[in-house]
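Next come the structures, one after another.
Note that chain A is present in both complexes that follow, paired respectively with chain B and with chain C.
On to the complex of A and B.
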């Protein structure tokens, strides 16, 4: 077949054709049963739990945060287990890599297993490096699961209101809102362009891959720019004067959640204090 | 190169936040001046931010068999300059944490410093210098993108080394982290450089007005690049 035109019909069936590797988490948040809990409270919970877990000098508190956040996401927020596990695979890979690096390259204490010395690096596992790797892995997972709890229960749109309540500059908030809106438009465009390219035999060899990918990127940039000019027109014709209005959020004003979150965070602080004393 | 949520000790999270915030404030201030002058800037910045996000969420294959993602900040730095990139990059990092679980909220300062601030700043310097030297747009954008990627990776290795020194030695830790990440990052930087060079040339061929309005290309060079294609 001439002209470098290849059809790839023999790919494995399980292989996904999408160029996006991740699920976008916002879909889960919109249908979450905890969506109506005020976003500020969930944000405080997420950040405070992460900070306390990171401050912990030993592994127990991060593990406790990890387990309680998984419980909250699966049982309280009713995220399907299969989706939750698939969400965890990406951070699992990154987190394990990070921990393995610490495990092998840091030292100190008694050597448990000595591998080899290569180009000045002493590759070994010591009791201190094992502890450090486990601690960092636990902290990372506690942080990730707290972040996931926030993202699967809170649509990004409710977080914009929090940004405004803490008085961030209006330009920053408007910019963030517009970026958020257009991310989904452009993801759609990118998928369309990618499909069209695959239909015409793009991405078959590495060289084709480079040229098709740069064409996709260029077209996406040109289309985004044109879209930007359209938005300017539509904003102007709706009398944009430097402030975008946010729709009122339908949240429950009950103090119940605030009390639960306060109690949980206090428990974490008590455990942290105990860990530091003992 | 995102540092994950919870990976850095708290004192380093705070240090990198403190270092990043002044740049973001300057960026916001510059952006506000631009917006006051021309209201069109806001929607254009917004679509560019969304573009950087989408670009950074696209998969590109890397040699190790895994998938990697372009950073997009090099392209942004050459087109819009370092301070606007600092603001856009930080917003993109927030969305990456919230929507894709790349990076995190406590490590936002560190990630913003390496990816949205320091990398683009150095890359922009390189871009301006290369353009002054009279090199072609494609080559300049390509080198800039690769430099942004490599500087970001160096800064991240440095951040990790500061947080986790090996037997008290930051240099040893930096060499260790740097060597490990070099395996994926150096090929990635080269691929991103090639792609961004092709992207810049393609845009000049199809819609040179955009780049002209950003003030990074003149009519003579547009004609030259368009002539090459014909």
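On to the complex of A and C.
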């Protein structure tokens, strides 16, 4: 039956999702076809691929990681292209800014293009600066795409068990769970306050913007405080004695995924070794 | 019957404020349904927080099962395992990352063994009709579903008393009615239910007893009929009488109705207005779904070919699994009685103690002078 019976209580979901709806990443992860792959394996894949990509001295390995992670996210995890692209625009802005700075502030090698000379400084692009900028950009995106792969296939709830398995303190995990839960409550609160402000003409001028935004943040702080007291009361009402259960995950205990991930990571290491040697 | 909860001259003031409760004394018997009704700021929530020892009275005592609450750690744990509190705001109450872990929170902290925890959690989630929702994170639930999870979290602790603060506030009417049906079902299983509300309609039709409070004092403790027909009480408590009673008193004032017993529900009101029916032709068929399978449900519906309702979580689930579309999912008995009065049959799928509730309700109608409606158990 699996969730069919619920006494006429449906939550209406809008058809169109954008990254600005508060829980789109969570939705994607929960409905992901790769959800059943054990979270620890996906976490290892994500971290190892990122580290290997960053170690690479040339652009080819990060590009390979980048492309394979995009393939995995779009084809294997079936993430809608539109959402994936809009997710990528966030790091793109930061990545490009950094790359442009690197392009001009580092030097060496042949000059490719000389813009102008200012007070004895050459504002120019050299082949080394171009290479470095490209490499940094590729590494950034290889890391981001690996992280996105983890994000869109792994619900946060299934990571709590991994945290326990690596022996993080119980208190830390309990706090993580509470924080995860209340992120969504406070996003909702922030949206409500923001709407109430916009409805009454807030944010119309720069000065208004400053005062309205400061009001929003201070109000949010007070709300979080109050909510914290409510939670404490609620936990005590249910006999809190230091126990919080971890969510159960029905992951498939299959070696198939482990083998695939191992093969992929081995391939990366081989490419890395080749790059280092050649 | 024994008194399960007793307040004796309880006074309480939040620091630096005038008293929120001022000499409150009342008792409630085991298995009753008590509605605490009063205007905003009357002290309803303060009173409820006293029930599980969250607040300690400045003076006076609170007794649960005849014993004083001990306000030390062990004593409070004891009380809180007996008195379950459902908060008004479900978001404050549900703090775990999934439905299952939230419902399991109470039992786990009572240090029950894992098998017991699991069975209690499954039972509680099933009882509130959310089977299949175990792995959902709370922010993927609607308001009504969150309220059900909050109630399940308390049910899993198997309390003697369930205390709910405004359980139907901010729910749509059908969901609110279903939550109230759920509370009825729990009461049927022996839990004492106390809720606070300023919804007079709900308090009137649902409660066995009403505790009317305003300004931290008890104005009246009695049956819903006593409380809601007293205009001066209504005025003092800033409440309006339920529409049904309002209509009734206006009819009586105009001499259109004999000054009979105030009507409990719409069937009684119709009876008062129209007089007794000569030939009541409609029948209410009740079916115990615990003893039949889904095919039998379908067969019965095909045979009777009339309006169908289900009462209770298990019967509703059985009907859902049988692919039956229900005409009534809440307030079923009154609707079935009204249908019977105009010659229509109704089929009610239900189970356990709720089978008797149909008979009791019909009997109550008869006792109020109404026509005898045939209730046939299939």
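Convention: the second predicted complex is superposed on the first by the 246 of 278 C-alpha atoms of A that agree within 3 Å, B and C clash if a C-alpha of one lies under 4 Å from a C-alpha of the other, contacts with A are read in each partner's own complex, and residues count from 1 in each chain.
As a convention for this text, a residue touches a chain if its C-beta (ideal position, glycine included) is under 8 Å from a C-beta of that chain, and two chains touch if they have at least 3 such contacts.
Here the structure is a predicted model, which means the values were calculated and not measured.
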{"item": "First, second, both or neither for A:157, with chain B first and chain C second", "value": "second"}
{"item": "First, second, both or neither for A:245, with chain B first and chain C second", "value": "second"}
{"item": "First (chain B), second (chain C), both or neither touched by A:224", "value": "first"}
{"item": "First, second, both or neither for A:115, with chain B first and chain C second", "value": "neither"}
{"item": "Partner chain(s) touched by A:237 [first = chain B, second = chain C, both, neither]", "value": "second"}
{"item": "Touching partner for A:30 - first (chain B), second (chain C), both, neither", "value": "second"}
{"item": "Partner chain(s) touched by A:71 [first = chain B, second = chain C, both, neither]", "value": "neither"}
{"item": "Chain touching more of chain A, residue-wise (chain B, chain C)", "value": "B"}
{"item": "Set of chain A residues, in rising order, touched by both chain B and chain C", "value": "26, 156, 178, 180-182, 185, 227, 231, 235-236, 240, 242"}
{"item": "Complex contact set, residues of chain C against chain A", "value": "52, 54, 76-77, 80-81, 84-85, 87, 89, 91-98, 100-101, 104-106, 108-111, 129-142, 144-145, 148, 153-154, 157, 174-175, 178, 313, 316-317, 320-321, 329"}
{"item": "Residues of chain B touching chain A in the complex", "value": "2, 4-10, 13, 28, 31-32, 35, 39-40, 42-51, 53-55, 57-61, 67, 87-88, 91-92, 94-95, 97-102, 104-106, 164, 166-167, 172-173, 175-177, 179-180, 191, 194-196, 198-199, 202-203, 206-207, 210"}
{"item": "Footprint of chain B on chain A - complex, ascending", "value": "19-22, 24-26, 46-47, 50-51, 53-55, 62, 87, 90-91, 94-95, 98, 101-102, 105-108, 120-121, 132, 136, 139-144, 146-148, 150-151, 156, 159, 169, 171-172, 174-176, 178-183, 185-187, 190, 209-211, 213-222, 224-225, 227-229, 231-232, 235-236, 240, 242"}
{"item": "List of chain A residues in touch with chain C within their complex", "value": "1-11, 23, 26-27, 30, 155-157, 160, 177-178, 180-182, 184-185, 188, 227, 230-231, 233-250"}
